[in-house]
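Shared chain: chain A. Partners: chain B in the first complex, chain C in the second.
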Partner chain A sequence: MSGYATGIVAILCINLIFAYAIFVTAAAGQLNLGGAGFQAIGAYTAAWLSSNAGQPVVVTIPLAMVTTALIGFLISFPVLRTRGVYMVLATFAFGQFVSGFLLRSPTFGGAIGMVVSDYVGIGLLIAAAIITTALVFFLMASRLGLAIRSIHDDEPVSTIMGVNVRAVQVTTFTIGGALAGLSGALYAHHFSFVEAQYFNSLLSIYVLLFVLIGGTQTAWGPLVGSLFFTLLPEVLRVGGSWRYVVFGVAIVAMMVLRPQGIVTRELVSRLSPRNWFGSRPAPAARMADGG
Partner chain B sequence: MSDAVSLGKPKPALSKGVLIALACIAAAGLAMLLGGRVITQQIISGLMLGSIYMTVAVAFTLTIGVLNFLNFTIPTLFMLTGMVAWGLLARGYLAGFGGWAWLLALLAGIAVSILASLVVERFTFRYLKTRHGDATEHAIPLVSSLGFLLIFEHLVLIALGSEAQRFPVPFKADLYLGGLVIGLPQLASLALALGIVAGLTYVLKQTRMGRALRTIAESPDTASLLGVEVARIVPIVFILTGLLSGVAAALFTVNYGDVSPFMGEHIGTKAIAAMVLGGLGSVWGAVAGGLIVGLAETLSIHFLGGDSVQMVVWGMLLLVIILRPQGLFGASSIGKGKM
Partner chain C sequence: MAADPILALSNVTKRFGGLTVSDQVSFAVPRGARMALIGPNGAGKTTLFNLMSGVYPLDGGEIVLDGARIDTLPSRKRIAMGLSRSFQNIRLMPHLSVVENVMLGQHAQASGIGDLLTPISWMRGGRWRRLAVERLEAAGIAVHPDADVASLPYGVRKKIEVVRALMSKPRLLMLDEPAAGLNPRETAELSAFLKDVAATGVTLLVVEHDMSFVHDLCEHTVVLNFGKLIYEGPTRAVQDDEAVREAYLGSRRVETAGGSHAA
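Entry: the complex of A and B
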């Protein structure tokens, strides 16, 4: 692989894991616009453990994940007191605060950033992305995944059916935190350098767009969304600044034409091998759609 | 959501404005006594900066209060005004107007901001009231407005370049008051910003259109049952949004004398902080929030250094969200989602 292609694949893997981090909470109906904050904590934890404490990668990455999972768990309690637009704003404030804190903190290099001593190759990134994707598919197919989907579709009914909504939402924030930490730690180790300015509000916005454009109904959404978002700018590279204009138009058009995201449950069931020979969607999909 | 939107509460607007003005003077006077001239100067600059944040925060809070929509295009409308005004002057389109060219350029910038806001309404709000029954559907206009943010920002980059530019302001008048420097344009902008907000409050409280807006804020469905033409009233919110962002940008440009394609991001995020601090949907909350954020910014630069602003402002905000999610002046039922 050429250096250019490796760079794109690395960013794609990191974005994919990051998108799944945001997806897990969004699948339960919670929008997190502070993703960059979680990723930054993961990246800086790994960077600090690697460069200042001299720990190997097998220690830094899991510890970074544990840290962000813990922070996701703790932040979920105040954040879950808010809803809708207010939750978007609360998580946004969290992300801004973290990058402001890192910018100011001398332990983490302030505005200069930090060099990370241990390097992680592209192979591990690809493996991590594949494992994360598989785990999220498994999660969404599990009993917890069923609860997550039911909260997404109708929270009051889920409560009536005996789903412990609060516990599920706290769990999704914790899992989301761990995955964002993983993506941050991989970023730090692969690019060997972290700086607070990278983890800005625009990054949080982009990753939320990956998820919402891809679709929050199925685990295919973030996969399609991050492929679309990472590859489309590369395809459009010829146009210079125009590609962002086209990109923006694509986003607006998507929201007008297909506001539920590219991949929906109905689309998945229509494309599944079981229905290749019949034109009608599966009964389950029709029910999900009608509800 | 009725009591959440304090647009609807029968409170005298003027007395609130006077109260805030008095509080500002009192703060400056107290600082003069306690901290001396340097601190007073910081407080004055903070209030002036706060008046810009305040105007943008009112634009944010109006869209959230009436439509429950976090409009991320507001920072770009702000930037659009400044850059279009500069572009008109730099390209010499207004050369024939002599000394008044700068004012015409700014007015044209505000007009462009209003037009752009109406385009956003057309494609973001008019077609997006579909309900597909999930928990994330309220984010659709938000995502769309992020798309417009990309479009406007990069169109400006293509047309006018990415550099920060000097906007020629023809007058430089400072008022010296007991050793303190008060910029006259700054003073004028504080007065103008407060005036616009007071006018807005009057419109919302006393006019037929204001009553229609408050009805939509309470319940869009009931509003249309009662004969309010929702589809015709909603664009007014966007016109006001464009106007407020445009005026804020014009004041900013006159005060600080420079424009750049990225000027909106900094102001926009601070205005969001100001709005949340004051309480979503509350106009006077946004006013107070804007002034507090402006003060916090200049004081933290003075005491803790330039890098600390982001941490102080957002840390303060995070605390408010955790301890008092409705904001300092908002009611507790906010953010339930309705449209």
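Entry: the complex of A and C
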């Protein structure tokens, strides 16, 4: 692979894992706009352990994941007291707090950033992305996944059906934290450098867009969303700086044409081999809502 | 009433602000009965269902299911104890397929981390899904299991909700207006289906306005009016009861008062 192609594949792998981190909570109806904060903590934990504590990658990556999982777990309690746009704002504030803290902290290099000593190659990134994708598909096919999706649709009824709504929501924040930490740690080790400015609010917005535009109903959504949004700007590169305009228009068009995301459960079920033969599920009636 | 009721309410009270929506309601549902809970609009029937299923806490009284007090338990634990319900306005999950909605009803049957984390269609050879599809077929719901619930006719969605409620293997099934919006043929089918369900040992408690459906299905009836219990007895005698007639038609005294207000 050329350096350019390797760079794109690396970013794609990191974005995909990051998108799944945000997807797991979004699938249960919780929007996390502080994704960059979680990813930054993962990246800096790995960077610090690697450069300052001299730990090998087999220690830094798992410890980064444990740290962000723990933070996801702890932050879920205050965050889950809020709803809707207030939750978006609360998680956004968390992301801002983290990047602000890292920018001010001399331990983590402040605005200069940190050099990461151990390098991780593209092979490990691809393997991590594949394993993460498989695990999230596995999760969404399980009864826990069904509970996650039912909470997205109707919390009170999920409770009456016996779902421990709060426990499931805390679990999704914890899993999401771990995955965001993984994506951050891989970023740090692959690019060998971390700086607080990279983990800004725009990154949080983009990763949430990958998920919402890809679709939150199935594990296919983030896969399609992050492929689309990582590759589209590269394809549009031929158009020079107009690509940002085209990119923006593409996002607006997606929101208008397919507010429920590119991939829906109904689409997956229609394309599923199980339904290739015999009767097909009836096409969905047009629904006004997109959630 | 039966000596060993499946459900016993004693002095169940709920206030919303200054309004007492459930006022010292006490009655028992005999084990294996098909009982109707009726009353004029706003009598507090759905509120009582919400109190039993744990949507709101009680302000007074207690609810005992099969000998165990349940009113202090969280909502999600009550289904595991055998209390399952449907909703007046269909509350199927719009983004789950037909079979996934029904499988959600099995949630309380899942035990342990293994049941939660194994993909459902692999689980013991897809046992959960197969069971859900079987129950849909047994209920006469001839739609594709992977169909979108939002695209289905009202009567079918209403029936899917009943099947979902049944998947938890309830001892007491509470249905909130199951026949509302159904045509006469669908109503007759539902009545026959619920009789079959009751024959398997499930006790039914049904909120319903369609009195011919109630007469056909339920041998016992309790009547609520303004949050108070005004009748408890056989369904066939309910329309002869003075208090019930007054509640539905209004007594002369109430009529006069109503007349003066009507202006």
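Quick note on the criterion: the second predicted complex is superposed on the first by the 278 of 291 C-alpha atoms of A that agree within 3 Å, B and C clash if a C-alpha of one lies under 4 Å from a C-alpha of the other, contacts with A are read in each partner's own complex, and residues count from 1 in each chain.
What we mean here is this: contacts are C-beta pairs under 8 Å (C-beta built on N, C-alpha and C of every residue); 3 or more make two chains touch, one makes a residue touch a chain.
From a predicted model like this one, the values you see are computed outputs, not experimental measurements.
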First, second, both or neither for A:R265, with chain B first and chain C second: second
Chain B versus chain C as contact partner of A:D153, first or second or both or neither: both
Touched partner set for A:Y244, first chain B, second chain C, both or neither: first
First, second, both or neither for A:G162, with chain B first and chain C second: second
Which superposed partner A:Q217 touches (first chain B, second chain C, both, neither): both
Residue contacts with chain A in the superposition, chain B compared against chain C: B
First (chain B), second (chain C), both or neither touched by A:L144: second
Footprint overlap on chain A, where chain B in one structure and chain C in the other make contact: 152-154, 217
Footprint of chain A on chain C - complex, ascending: 53-55, 74-80, 85, 87, 91, 93-97, 100, 103-105, 107-108, 110, 115-123, 128, 143-148, 150-152, 164, 168
Residue ranges of chain A in contact with chain C within the complex: 138-139, 141-144, 146-147, 149-150, 152-154, 156-165, 217, 264-266, 269, 272, 274-275, 279-285, 287, 289
Touching residues on chain B, where the partner in the complex is chain A: 64, 68-70, 72, 123-124, 127-128, 130, 132-144, 146-151, 153-155, 157-158, 265, 269, 272-273, 276, 280, 307-315, 317-318, 321-322, 325, 334-337
For the chain A and chain B complex, residues of the former touching the latter: 26, 28-31, 78, 81-90, 92-94, 96-97, 99-101, 103-104, 110-111, 151-155, 201, 205, 208-209, 212-213, 216-217, 240-242, 244-245, 247-252, 254-256, 259-260, 291
